[in-house]
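Letters are used for the chains, namely A, B, C, D, E and F, taken in the order the chains are written, and counting of residues starts over at 1 for each.
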Amino acid sequence: MILRIDLLQTELPPPTDPDPDGAAAVQELLGGKFGEMSTFMNYTYQSFNFRSRQGARPFYDLVASIAAEEFGHIELVAATINTMLTGVADEGLLAGTLGARIRRSVTRRLGTPLEGVKGVRNTQHYLAPGGAGAMVQDSMGKPWNGDYVFSSGDLIEDLTHNYFLETGARSGKLRVYETTDHPAARALTGYLLVRGGVHQVAYARALEKLTGADLTRLFPSPRIPTEKIPECRPHLDRGEHLKLYRFSPSDFGEVRAVFNGPHPETGEELVVAEEPSPDGAPANDLPPQPGVFAPGPEPEEIAAIAQRLRVAAGLPRRPSGRVA
Amino acid sequence: MILRIDLLQTELPPPTDPDPDGAAAVQELLGGKFGEMSTFMNYTYQSFNFRSRQGARPFYDLVASIAAEEFGHIELVAATINTMLTGVADEGLLAGTLGARIRRSVTRRLGTPLEGVKGVRNTQHYLAPGGAGAMVQDSMGKPWNGDYVFSSGDLIEDLTHNYFLETGARSGKLRVYETTDHPAARALTGYLLVRGGVHQVAYARALEKLTGADLTRLFPSPRIPTEKIPECRPHLDRGEHLKLYRFSPSDFGEVRAVFNGPHPETGEELVVAEEPSPDGAPANDLPPQPGVFAPGPEPEEIAAIAQRLRVAAGLPRRPSGRVA
Amino acid sequence: MILRIDLLQTELPPPTDPDPDGAAAVQELLGGKFGEMSTFMNYTYQSFNFRSRQGARPFYDLVASIAAEEFGHIELVAATINTMLTGVADEGLLAGTLGARIRRSVTRRLGTPLEGVKGVRNTQHYLAPGGAGAMVQDSMGKPWNGDYVFSSGDLIEDLTHNYFLETGARSGKLRVYETTDHPAARALTGYLLVRGGVHQVAYARALEKLTGADLTRLFPSPRIPTEKIPECRPHLDRGEHLKLYRFSPSDFGEVRAVFNGPHPETGEELVVAEEPSPDGAPANDLPPQPGVFAPGPEPEEIAAIAQRLRVAAGLPRRPSGRVA
Amino acid sequence: MILRIDLLQTELPPPTDPDPDGAAAVQELLGGKFGEMSTFMNYTYQSFNFRSRQGARPFYDLVASIAAEEFGHIELVAATINTMLTGVADEGLLAGTLGARIRRSVTRRLGTPLEGVKGVRNTQHYLAPGGAGAMVQDSMGKPWNGDYVFSSGDLIEDLTHNYFLETGARSGKLRVYETTDHPAARALTGYLLVRGGVHQVAYARALEKLTGADLTRLFPSPRIPTEKIPECRPHLDRGEHLKLYRFSPSDFGEVRAVFNGPHPETGEELVVAEEPSPDGAPANDLPPQPGVFAPGPEPEEIAAIAQRLRVAAGLPRRPSGRVA
Amino acid sequence: MILRIDLLQTELPPPTDPDPDGAAAVQELLGGKFGEMSTFMNYTYQSFNFRSRQGARPFYDLVASIAAEEFGHIELVAATINTMLTGVADEGLLAGTLGARIRRSVTRRLGTPLEGVKGVRNTQHYLAPGGAGAMVQDSMGKPWNGDYVFSSGDLIEDLTHNYFLETGARSGKLRVYETTDHPAARALTGYLLVRGGVHQVAYARALEKLTGADLTRLFPSPRIPTEKIPECRPHLDRGEHLKLYRFSPSDFGEVRAVFNGPHPETGEELVVAEEPSPDGAPANDLPPQPGVFAPGPEPEEIAAIAQRLRVAAGLPRRPSGRVA
Amino acid sequence: MILRIDLLQTELPPPTDPDPDGAAAVQELLGGKFGEMSTFMNYTYQSFNFRSRQGARPFYDLVASIAAEEFGHIELVAATINTMLTGVADEGLLAGTLGARIRRSVTRRLGTPLEGVKGVRNTQHYLAPGGAGAMVQDSMGKPWNGDYVFSSGDLIEDLTHNYFLETGARSGKLRVYETTDHPAARALTGYLLVRGGVHQVAYARALEKLTGADLTRLFPSPRIPTEKIPECRPHLDRGEHLKLYRFSPSDFGEVRAVFNGPHPETGEELVVAEEPSPDGAPANDLPPQPGVFAPGPEPEEIAAIAQRLRVAAGLPRRPSGRVA
C-alpha cells in the first residue's frame, strides 16, 4: 500500500501563456507507449507479480521502489499539462454570452469562449469531459492501455524490457524537449531526463549483476549527453543523476545490493539515498477554468460551501493544504 | 508523490488449489471498466487535474486520499490473482521433458507441463509473457484503457461519476463473490465490499454537502446487505465500514469536513482515522513457477546471486523483506 | 425520427434450457463485423449522409427503409441471447448463501449461485454489469465499433459494400445455425436468413438498375439454398423472401422503383408490401435473474412500487404492456 | 420494431459556410462516450434486456420510449455534421483538373480540389471513404464502441447510470455550444439541451419513485441555466422542457406513472404528450459533393436513372420525398 | 517464403519541400481500412488459408501472386511518406541548442528544432519513436489492425470482398490525389491507381469465371477515368493496366487461366507477364534527420563504423547497395 | 519488392486430430505482441524507414534480410494453425441436416455439424468468416495491430528493441511448446526456436559492433538450452543455428559485415549462406471444410470450373502447383 505526500517531486513554474498543442505533445510522455503511465504500471505490476521475492529480494526491492517513484512522474506530467492548458477556458458561457469581458482575442465572439479550442490537436482536453486537464492518452489522443504492460515473470526478460522501455522513454522526452520551450515543459523534461537516466543505469546494472552483460556500453542512449541540456543542469548539480530513493518509510533497503558501483558515463559512485524521497515542492494552485466548468461554473460558490464545512468540522478557517 | 509500504491492506490466504478460470473472473475486478484500476486512476487523475484546490480543499482532500487507498486495492486484487494461478505452472520444460516428476494429472504428458493451460479462459496468464501473474485486463482479456477515466473538472459531475463508479464496482464484486468460493477470492471480495461501501458513502455525502441531494436513500446499491456476507463480517466488526484513512503522513486532513455524520444504513457515526492507514499484513512469498520461467527457469541461481550481492553490499545474509 | 412498436418482427420460443456458450456464439450475429448492429448502422448512416436525396430518391428510400427493418433485427438477436441466458442466474446471493433452494446442479454450492459462469465463453454476460443479457459485442467479446460502418457517399460504392455485407451476414447466420440447435437460435436464424436474402437481392437489383451489372448470378451466396433449411420454410411459405416493407407510416414509397422484377433464384415477382411492416409478435416476458440482480435482487419490491405508481397515475391496475 | 418517419425532430438551417473543424467538434456529440450514439444504444439495449417487464412496466416504458427519441437525436447530429461539411468538396477531380471552375480560394490549385482538407482535424470525413458526412466517431476520430453501453439488468444501477450519462451529455453539449457558433451547431445544441434536460429529469424522477432519493437537488447539472441560452428559448417557449413523448403509435403509455410531478427547476407540471411525437421538420436536401464522389461523380446521371425507374414503376415524375 | 529485391516497383522523386500534413494524409493509403496493408494482408492470409489448392489452383495462384505485388505497394507508400517527412527534422537538439545553423524559419528558436512539429496532424511521426518515417496507421493515427483482414475460406465470398476492397482502395487513392500535389504523392497515386485497377479487373474476372456474374459493368468504380489523370498516363502508355505479374521465380503460372479476355474499359487483351516482376527502380537514399535521431544523432559515426566493418569483412570499401 | 516462392521454409506434418484450442494457443505466435506478425512488420518497416542506408549499409542489409525471412515465419505459423483446425468442420450444413454421414461424435446432432465449435476458445476460427483458418489475432482473439511496430529511426534504439522482441518471441515459443504436443505445433516451434535464436544473436552482435556492449552474456534468454528440445535437433544438426540467409537473389550482401564471429553459446563460427534461402518444402494441400464453406460448400464444382479454365488457357490438365 502507499502513503501519499501532497508535494511534487520537483518544482514547476506557474502558468503563463497557454500552449494547448504543446500540452497535446506532452501527453506522449503521460499516456504514450513509452510514457510515464507505462513506466509506472510496468514496474508496479512486475512488483505485484514477483515470485520468490525473498530469494530475489534485491531485485524485487529495485523494481518496487522505482515503481513508487514513477507515481510522482505521472503526477508531474499531469501537472505540466494542466499548467499549459490554463488560460484558454478561463471564461465561461455566461461570461461570454451575457458579460462584457472580451479580453484576449479578436476571434473570440460573444458566446463562444472556447472558439480557440476548435482547431487544437486534442479537443478532448476541453470538449469531452476534460476540464482543461490531463487525459490518460498519448499525443494523438489514443488512450493508454494495459497492453503496454510487460510482466513475464522471468527476471532477465523483465529487466531487459525495462532497460528498453527507459531507452524509449528517454527518446520521447528528448523529442518533446525539441518541440516546445514552454517553461513548464522544459522544467518537466529537464527533471525527467535526469531521473530516467538513473533508472536506465539501474536496470542495466541489475542485468550486469545477474549475467555479466555490460549494457552500460550503450550509454547514453539516445546519444544526447544530458549535461548539454541546460534544464538538466540544476538536477545534475544536486547529484540527482547518481541517487536512487527507496520511496518507502522503511522498506526496499536491499536495493543497494544492486544499485552501486560507478556511473557508466561519469564514473562517480552511485548511491542509495538515506532519506526516503526527495524534498519535493508544493504544486501551484491552478486557477478555475469556468469555460469548462472546472471546478464548476461558479467556483466561488464551492469555496463558500467548503468554508462552511471547514468551520463546522472544527478546522481552521483557512485552507490547510500546501500549494506554491 | 508517494511512499510505498510493502504490506497488503488486509491478509490473504496462501495458495491452495489453483483456479485459473476463477482468476480470469477476478481480473474483472482489476482491469474491468468497474475494476480497481478504474477507481485508482479516476480518483488519481481527478486529484491531479483539480483546479482551485485551496478553495475546494475538503473535496480535494477526499478525492486525493481515496485515490491513495485504491493503489492498495489493485495490489490486493493482483495478489489474489497470483495466488489463484499458483500451481499450474510449477513444473517447467526441462522437468517435464527430461525429468520424472509427473505428479498431478493423467492428462499431463512428458514435455507439456502447461497442457492444462490450453483450455483456460485467459491463456495469456501463461502464454503471452505472463508469469502466472495478474494482467492489466478484464475477465475477457481486454486491456484496461484510459477511456475508463472520467475527469471533467466539474466537481459535481466528477462526484456523481464516482458515486456511480462505486455502484458498478460493488456490483462487480458481488458477482465475483457469487462465482467462486476460492479462499483468496473470498478474502478479497469480503474486504473490498466493505471498503467500497465506505467510498460510496463518501461520495454521496460529498454531493449532499454540495447540493443537498440525498443519494444515501439509494443504499445499499446493489441491494445486498453487506452484513449478510460472512467474509465481510470481520471487517465490519472492526468498524472498517465507518472509517476513512488519509493514507498520508500529514496531508488531506480536511477530509473530515466532508466525511462525517451518520452512516446511511446503520446510523453509526462516520470517522476519519487518526492513523494514516490500516496496519496491513505481509504478502505471501509465492513460490516459483518454472513452467512460465518465473522468476526464471532456475530460481535457485537467482537466489544464489542475490545472496552474493547482499553480502557484498554489507547487508545481512538473510533477506530483509517482510513476507507472510 | 422513429416510432417504436413494442413487438418483435417474428415469434421466438420461451426460454428452455440455458445455453450460455450458444448465446456467446449468437453474439456474433449482434456485434460481429457482419452482425445486425453493422447492417443497422451502415444503412442508417448511409441514409443520414445521403446527398441529393431528391435526385436519387428511389435509392435513398431503399437504403432508409432497410435501415429501419434492421432495428428489428438487433431487437430479435438481443431477445434470442436473453432467452438463451435465462436460467443460469435465477438464484441470487441471498438465496444461495442463506436459503435452501439448491436445485439444479451438484456443482452449485452454497453461496456461489454463479459458479457455472466461471467457465463460460463470455463471462461478461454475468460478471461485468451484464444482467444475463445481450452485450454490444461479437462472439469473442470484442465490442462492436463505428469502424464497421462504411458510408462513402458514392452510391455505387455504398451499394457494393452493402451487397458484400449481406453476403458476410448470411455466412455468419449459416455458421451459427450449424453451431447450436437451441430453439431460440434456430427460430432467429431461420427468420434472418430469409430477410437477409431479401436485402441481398435488393442491393444487387439496385446495382443492376444503376449499372447493368448482374450480381444476381452470384446467388445464393454462400451457396446453401434457403429452402433446404426447415426453420426458413414457414417464412418462405408466407412469401417473406419476396417482400420489402417500407417500415414507415407514409414515407419511402419510391422503393418500388428499384425493388421489382423476378427473384433471382425462384423467378417469382418481387413486391413492396402495402402494409408498413409485418404483423410482429409480442416478446416473452423473461423472468428475473436474481443472481445478477436483474431487474434487482428483489423483483417483487419493484413490482409493488410499479403497482402503486400505476394506480396513483390513474392507470389500470394490471400492466398494460403486450407480452407473449 | 420501428417505423421510420422521414422528418427531423426539429428544424435545421441550410448549409452556409463550411466549418470542418466545427463539424469535427460536433462529432463528440455523436460518437463520443457521452454522445447520442451512447444515449440511443444504452437505453435501447436496456430495454431489450429488461427482465420482468410486466412487473416493472412503467420503468420499462420510460426507458424504451426515451430510447426511441434518441434515434432522432443521432439523426439530428448527423444532419448537422453533414450541413457543416457541405461546401469544401463541391468540386471534384475532373472539374479541378480539367475544368475552369476555380472559385473559392487562392490556395486551391488545379487538380487538388480537396487541398483544404489536408489540415482539418478529421480528414476521414473526406479521405477515408467519407462522403463529407458524419462518421461514427468522436471529436478525435475514435470510433464509438459497444463498451460505452451499460446494461446491468439492475434497475437502480441502470437508472443511476442513465442519470449520470445525461449529465455528461449535457456537459458535452454546453462545451460544443461554447466552441462554435455555426448556425447548424447552435440550432442543434439549443434543441438537444432542452430535450436532454427532460431525460435528466425523467431518470432522476424514476430513481426518486423507486427509492426516495432526491437527485433533482443536483439540477441543473452542469449549472448553466438552460433559459439563459438564446437557442434554447424557442423550445422552452413551446414547453418542450416539460414534455415526454411516447414515440410509439400505441405503446409505452405507462410512462406517465413515472414522469409526473413538478419540474425541479421551474415547478411547472411535467406532462406526457398525447401525440406520439413532435411534428418534426423536413431535412434539407444537401447538395452533391463531387470532390468526394457523393452521391457519385455524376449526380445528374443518377438522377436521370432514378427518373426513368420512377416512371417505369408507375410513380409520379417528380420525386415524392419530403425535403426542406 | 519470399525473396526480397531491393528495388521499388516504380520510381519516386527525391525529397523536396517537406509536407507533414500531406504525409499524414498518405498514411490512409498505408494503414487505413482500405490501404495497402489491408490489400497485402488480406490476399496473403487468404492464400495461407486456401484449402483445396490443387483443385482451385488458378484462383489460388491469382490471390497468391497479387498478394506478393502488394508487398511492393506498402513499400512504395512508406517510401512516399518518408520522402514527404524529410526536411522538418534535419537539425537536432545539439545543433539547435548550441550551434548556429538556424536556417529555415523565424519561428524556429534555439533548442526547439522540432517546434514546427507541434501543430502537425500526426505528431507521432516525430514524437513517439517515429524517425520521420511511416507508421502502421491511417490518416487519423489509428493503428492498422487484423480485423481488417477478411478470410472466410469461401472463394466466392473472398473474391467479392476483394473486389469491394479494391473499390474502396481506388476511392482512397483518388481522394489523396485530390488532397495534395506533392510530387511524391502524385507519383505514388498515379502508379497505384493503375495497378489497383488491374486487381479490380482480376477479381471481377475471377468471379465471372466462377459464376457468370458480370461485375465489370460497374467499371470504373469510382467513376473517374484513369486515363484522365496525368500521373497515370506513363503507366498506361507502358500497358501496365493490362498486365498481371506472377511475382515469383517459377510459381503461380495458372493465373493466366483466370486473368484473360478483354479489359472491360478499353477492350484490349489482358496479359500475364512473362517476366516475374516489373523492372523496378532504386529507392532514394533519404538523408539523416538528426532532430529525431535517425539513424542516430551522429550519422557520421555510424558510417565510420560501417566502413570499418565492411573492410574487416573483406567487402569493397564503397557501400554495395542500389540507391537512386 | 518481393518474389514469392510457393514453398514453406520447413516441412510440416499433414493434419491428424484437430486441436482447436491448441490452434488458439498457436495464434499467440502469429498475432501476439511477440508473434511473427510483429517480427515481420517491425523489421519490414524499420527497413522501409531506414535513413542514410548507404552510410549504414551493413545494418540496413541485416534488418532488411531478416524481415524477408519473417514472411516465411507468418506463413509457417498460419499453415500450422490451418493444420490443427482441419477436421472439425469437414461436414457441412446439408450433409448434417439431410444426409446420413454422422460419424465422429455422439454429441453431434443432425444439422449442427459445428456443434463442437461452440465451446472452443476462438470461435471466430469458424463463426466469424473464418474458414477454419488462421486469423490475424493473438491467443485471446485480439487483433494484431500497428502499435506493435517500433521504428524509431535511431539505429541503436531499434536494434535494442529487436533484441528484446526476439527474447519475448522465444519465450512465447517455449510456452506454446509446453502447452501442446500436436505434431504440427511441435514441428513449428522446433524450427522457429532455432531461427529465432539466430536473429537474437544477429541483433546482439549488431549492437556489439556499434557500441561494444556484450549482450550475448544474456544467452540463452529465456534460459532453456535449445539443444535439449528434441524438435530443435534436426535443425541444429544441419547448422541452421549458425546461418543467416539473405533471402534475396542478389541484394543484402553486406550482412556478412555484421553477422560473423563465434556463436555465443557454442563458439562455432557464424556464417552467411551463399544460397539465397533454405530449400524449403511444399505445403500440404489441406482438405476442404464444407462446414465453413471452404473453399465453398461444393469444392468439386470449383475444381471442375478450374479444370475447364485450365484447358481453355492452354495449361496442362493437371494442376501445376507444388504440394506435399
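Following the convention adopted for this analysis, a contact is a pair of C-beta atoms (placed from the backbone, for glycine too) under 8 Å apart; a residue touches a chain by one contact, two chains touch by 3 or more.
None of the values given here were measured: they were computed from a predicted structure.
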Each chain counted as touching subunit B and subunit C at once: D, F
Where the contacts of subunit B and subunit F overlap, which chains show up? A, C
Given that subunit C and subunit F are copies and touch, would you call their interface same or different according to whether over half of its residue numbers are shared? different
Compared with subunit C, which chain's mean CA position is the farthest off? A
Top of the farthest list for subunit D, CA-centroid basis, is F
Distance from the CA centroid of subunit D to that of subunit E, rounded to the nearest Å? 39
For subunit B versus subunit E, what separation do you get between their C-alpha means, in angstrom? 47
Mind pulling the residue numbers of subunit D that touch at least two other chains? 33, 121, 129, 141-142, 147, 150, 152, 154, 156-157, 168, 171, 222-223, 292-293, 296-297
In contact, pair by pair, are chains A-B, A-D, A-E, A-F, B-C, B-D, B-F, C-D, C-E, C-F, D-E, E-F
Residue ranges of subunit E touching subunit A (in the complex, touch as defined): 92-94, 96-98, 109, 111-115, 117-119, 121-124, 126-129, 141-142, 291-293, 296-298
Contacts from subunit B onto subunit D in the complex sit at residues 33, 147, 150, 152, 154, 156-157, 160-161, 163-164, 167-168, 171, 207, 211-218, 221-223
Give the list of subunit E residues in touch with subunit D in this complex. 21-22, 24-25, 28, 32-34, 121, 138-142, 168, 171-172, 174-181, 222-224, 228-230
Quick check: in the complex, which residue numbers of subunit F touch subunit E? 1-9, 31, 37, 41, 44-45, 48-61, 64-65, 67-69, 71-72, 74-75, 78-79, 82, 129-137, 143-147, 149-157, 209-210, 247-254, 256-258, 260, 276-277, 280, 283, 285-289, 292-297, 299-300, 302-303, 305-306, 309-310, 312-313, 315, 319-323
